[in-house]
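Structures for review follow.
Two complexes, one shared chain (chain A), two partners (chain B, chain C).
Right after this comes the complex of A and B.
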């Protein structure tokens, strides 16, 4: 018996060893595609050997479908922005221009109904022609997929579709294949900006419906300049030039997104010549800036949004205390020591680049003595204890909190830092468990209404803020009822004042710039201030 | 022996049941709602309630656990909340990657560790012993991610001999295997040396030498074989560690293995994926330990299991 068992185990071991060795010897992963071969070969060699112009981008596997209507990560937009198009696009500076539309939408006299005309004959990557019914299907899908559905909450019929009692958005009426109207339940002047977001991208109804859960994984079809070829979990995404594009056909033959989890490894691959584009973490900025070779290949863009300190007005109830806390933040020191000059101290919550930003505002001053006096007035002459919660998902939140902890001592504020992961952070915010926190927000569309969304009256009870201000609420309502820019500017300047300089519901900290390294041979690559990446005009210089 | 193995396999089922229950309870205690995370940005309370219903998270906790158990019996852990990938498919996909990394690191660690340990033991007190043991201390102490970065810079970037990241072929696994295996090689070397020194002092080794048996044979056949029990115990645990993935190494080298899957599922509170991953990890450790126990009987005939065991 013993010998039999011995033989069986020996056989088992031999088979396991053989399996392990064969596993090492033969990759079960996909065979390299042209672009993968290119990626391994180095940029110059790639173009010369295959003649193909493939842009190689370092990316992180989002592990979810490439479907912006369901998942809102900027990781996904890197791909989908080049495959799927929305009806309109917001250009840098905030101008909204038609993309799939023959002309700008027309607005009825009551400012409730928008009339649209699609460009005739626009083709999806599967050869089908774009129709009004595809637009209706796609926008209804945004609501059904829930994640970003509230973007369309002003469209007539939203409530019924959102709660499942109806199956369509009654506000969208298809007139014919190229004409349709969208009626809102109340005036909302930034509506065309909403339609320009990637979340309102247009999919072919039949193909999307047929793909089911595979949409964004094995299949993703749009009208964009590149078509989606493959997504291999853990490996990357391949997209290639769409020859039937209705606009200017891209100069690149394709884009190869290579999944590399670690930020340092991404840069090493870039240095080796295997990658053409890589995002750079701010903490590495001085290191790469000191490298004579990389220095000139580093570029920056400034996203519209920023970091700020949030307050739970139930636990930090006196505005004087919140003002004192705001005065205890040395924003300049944080920008210099943590961000090495790539960030600017905020002077307002609504950042530069959108309506409502007040250029005349001075930076928030660091004034620990003034803060101390305010705390004394509020009854805390002997010091104030503050629990500051940070979400570890955003790595920079931790050094910001640590710096503030030290800075606040001068004002007599004793800060206890509580680090939690994303899941716990969401839970605590929902249950009102965050007294003060370090948060960030970036606009979904280029409008102050999007910037102020997290502090809007309907959201603050869900973000552990509980701040409500009637005047602010009325201003936010008025801000979306008018299209007059000067009037809107005035409204949002007032709202900003109430938010960050009167009630101190939040304390803006800084607005950062994002850095990336780009192969100097590449031109025409666009990174915009809402984190969108457009490669349609990118090219390799000879 | 069969009786022993059957008993151990039955115990395995109990262990897996216990672990699944503990994991389930812990996930209810730890703050963090997966639905809140999934719909973090703009969803309202009604939408969140609807998604909770769709995922079956609105039924009572015992019912949720029973639903999980019913599926788990058929190896059906459901679909990931986030990726919508079938859990067992995700586990197999990541296991296929992890097993390659684990095999190569294991071979590297065992071959290097045992060889160095033996060489140090044979040359006890000499300079070779000191050098090897110093290196092994460095191997044990140096963080694997640091070794990984150093290897990437030297062999990947500066010398351009090996790929910096990826997992497309065997050559891609060389640097990660060394980075992952170094620590294990260090501890195997140290335990091999200690164990060999114990055995070398024994009378039967002196007898073998007195009988004129060649020194190589004395070391390989008599000393090493008798020194194997502690080495096998350590190696078994380490194999378990390797097969359950290394989050840091996988991250640095962009290898989508079990370690990354486990960390991602935890940070997303992705219950089906996390339960599946924990079950896999528990299963690997229980089976590896069982194999280690069985191997004792073959290495040391004095050890017996089942009927007649002492």
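Right after this comes the complex of A and C.
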């Protein structure tokens, strides 16, 4: 019996330890400047004592370089948005305003050549002055790095640079240090918006070239209001105020990004007062809404885009099957119950607020019986097996998949959920190993061309979709060559119809609101539909 | 005086036996008698039987299908409709708990059976033959024992992929070493006994000696090992499922219930507490029963 008692005692110890651990989370409210810091953030503890204004943001380690030209994760953008600037910026509502440009770009009569003028004397963080040649270098680098290169495919000379037969983008002509022109090979109306994306951020040519593979890891230089101090894997990123900024110098002394992998722990740290800003999973909404303290500190914004199911048309080849799958998603239940009304069922892939969205479209109905009939027509009267892959780094995809798994049973679809991490997900998509997946996409600029980017003809072979449709491709091309809004609306409505109601290349699920918790003492930090993280106007209210 | 009393006691025994007042009873019958005296162990046996029945009759007992999503009751607190509340998909927590018993018990028992089969076979071979065979098998055991348990299980699961069968195999591979070591020791002791020599003299093959004489004599050790090993396997299953490497959703297991409940711990405490209690009760029941069983089977060990 002695041993039993020993075991009981150790069990008791374990229980009390667990209780002690969970108690840690519920201590005092947020206090930004005087709070204790973790051992990892020891370097800025001294700064805080002297009253420096450091915004502390909960983040996740992307485990790759902070370089939007190579990696398109929103985790990276959280930092780079404040360090690197593009020529222009898209504001809430879709208006594109010049950032590094002295005035709006001028378009030639044939609608092919844009002329730009840079603001005189803009300094990079290393003291160099921004020149036209830096712009040319940076845009060429976007193409060379491939990841988002096809954004610039309409620029003259793109093909040659992309396939390596040339080493410059002939469409970009440097006139002098502050003037340059970009010539397109065909009319492409959203081009100015493309230049406003974070992927077209401007780097100093010499420093970037010298840093090589360390760019975005040990060194990252831009023209932004904050300069990149350090990136410590597993610990965090430090950025600080750039005094030589050409615009309004930020009121904050710096931003400290703290890597906390688990979303729940991020919120606990916020509650302890160690973090000022944290993103919140929407399916946790009622939990924080029920907390009287957190309730008023939670904010919401609606990014333009949403979640959808992707299909590999090689393995799920019959459009009838894809339609049946789309019909067995109970979008209403997912939005109303699992995401507690924070999301709205999609009626189309192109969301409300941009050209091409059709208000008159009916919602996708949940019709398991109809789905069953379609599957029977397709030759799967006895049920259909579907492997659904989700990326665990986007935690929201798991509840979507789990809900769908149960909903699809009624239609005779047996869903196996395969959970993979970000690295495996990227590999599987590249190699075509995803049969069906849960994906999300948000526009980089308010144009249907940006929304349809993931299903565009040049992109589908790289995302395990392999969907190609001649008519759709032609409509996409026509869409960017037309400037009349009514005409564009018509074109994209047609394209949308092919995509989500005829070929069922994807199944839109919902458009959601995103939530974040913000220390009430901080002013001037607002997340809006652009989903960009600009902290230049943020300040601590004493 | 004391010595004298022992002698008289011995004499009394002999008399009783001769007069037929005392019955002969087998080893296992004796053990059972001893076990019956241990009230705590008996109670725990009752708990275990209850859990086994619960697992067998899960579809009859549970009020809902464990994967049925009742969208009207997402994260609902305990009520008459859902006795222990509903989870973040509106699934009945009580039903999931009951079905979770199936996973936990079957993992515990099957993993131990696998571990015992490997452990007994290799342990007996090593102990009986000795020499080079023993050295080889012992080194293999040491290699397996050299890895930290949970890390080893995680590595196997990552390598073989998730799923119920793979979990059996991973946990079996994790725990066979302990069985093998004990069996090897016992067999080395037992093979010197007279009855083994007698069997050898009358032409018994090694296979016959091992299966007919040595293993049956180790059986009590094995029974104790299995009962004490089951709670360990249950804990490992819970840990692995908690880490997302064990049972895959939507199959409910106590481990993955706690894992998904941790986000809601302040909002719906019952969701994480209940599967925690289930694991605790099961593990404690098996441990106390296993201890009782050992005391009963091996009176020499009694403290």
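By our rule, the second predicted complex is superposed on the first by the 370 of 542 C-alpha atoms of A that agree within 3 Å, B and C clash if a C-alpha of one lies under 4 Å from a C-alpha of the other, contacts with A are read in each partner's own complex, and residues count from 1 in each chain.
Going forward, a contact is a pair of C-beta atoms (placed from the backbone, for glycine too) under 8 Å apart; a residue touches a chain by one contact, two chains touch by 3 or more.
Since we're looking at a predicted model, the values are computed, not measured.
Trainee: Per the contact definition in the header, classify A:287: touching chain B only (first), chain C only (second), both, or neither.
Mentor: second
Trainee: Scan A:419 for contacts with chain B and chain C and give back first, second, both or neither.
Mentor: A:419 contacts chain C only, not chain B.
Trainee: May I ask you to decide whether A:264 touches chain B, chain C, both, or neither, giving the answer as first, second, both or neither?
Mentor: After superposing on A, A:264 lies in contact with both chain B and chain C.
Trainee: Among the partners chain B and chain C, which is in contact with a greater number of residues of chain A?
Mentor: Per-residue touch count on chain A favours B.
Trainee: Contacts for A:177 in the overlay, against chain B (first) and chain C (second): which applies, first, second, both or neither?
Mentor: It touches nothing on chain B or chain C.
Trainee: Given the touch rule stated above, what does A:163 touch, chain B (first), chain C (second), both, or neither?
Mentor: A:163 sits against chain B, while chain C stays out of touch.
Trainee: Mind working out whether A:337 is in touch with chain B, chain C, both or neither, as first, second, both or neither?
Mentor: Second partner only, chain C.
Trainee: Would you sort A:406 into first (chain B), second (chain C), both or neither based on which partner it touches?
Mentor: The second partner, chain C, only.
Trainee: Across the two complexes, find the residues of chain A that touch chain B and also touch chain C.
Mentor: 1-2, 264
Trainee: Help me check something: in the complex, which residues belonging to chain A touch chain C?
Mentor: 1-4, 7-8, 11, 22, 26, 263-264, 281, 283-284, 286-287, 290-291, 333, 336-338, 340, 392, 399, 402-403, 405-407, 409, 417, 419
Trainee: Once bound in the complex, which stretches of chain A touch chain B?
Mentor: 1-2, 5-6, 9, 20-21, 23-25, 27-29, 32, 36, 40, 61, 63-65, 72, 146-151, 162-164, 213, 233-235, 258-262, 264-265, 268-269, 271-272, 274, 420-424, 426-428, 430, 453, 458, 462
Trainee: Enumerate the contact residues on chain C facing chain A in the complex.
Mentor: That would be residues 40, 67-69, 71-72, 74-75, 88-90, 244, 248-250, 262-267, 280, 284, 287-288, 291, 295, 303 of chain C.
Trainee: Which residues of chain B touch chain A in the complex?
Mentor: 1, 30-34, 36-47, 50-51, 82-85, 93, 96-97, 99-100, 103-104, 149, 152-153, 156-157, 160, 163-170, 173, 250-256, 260, 264, 267-269, 294-295, 298
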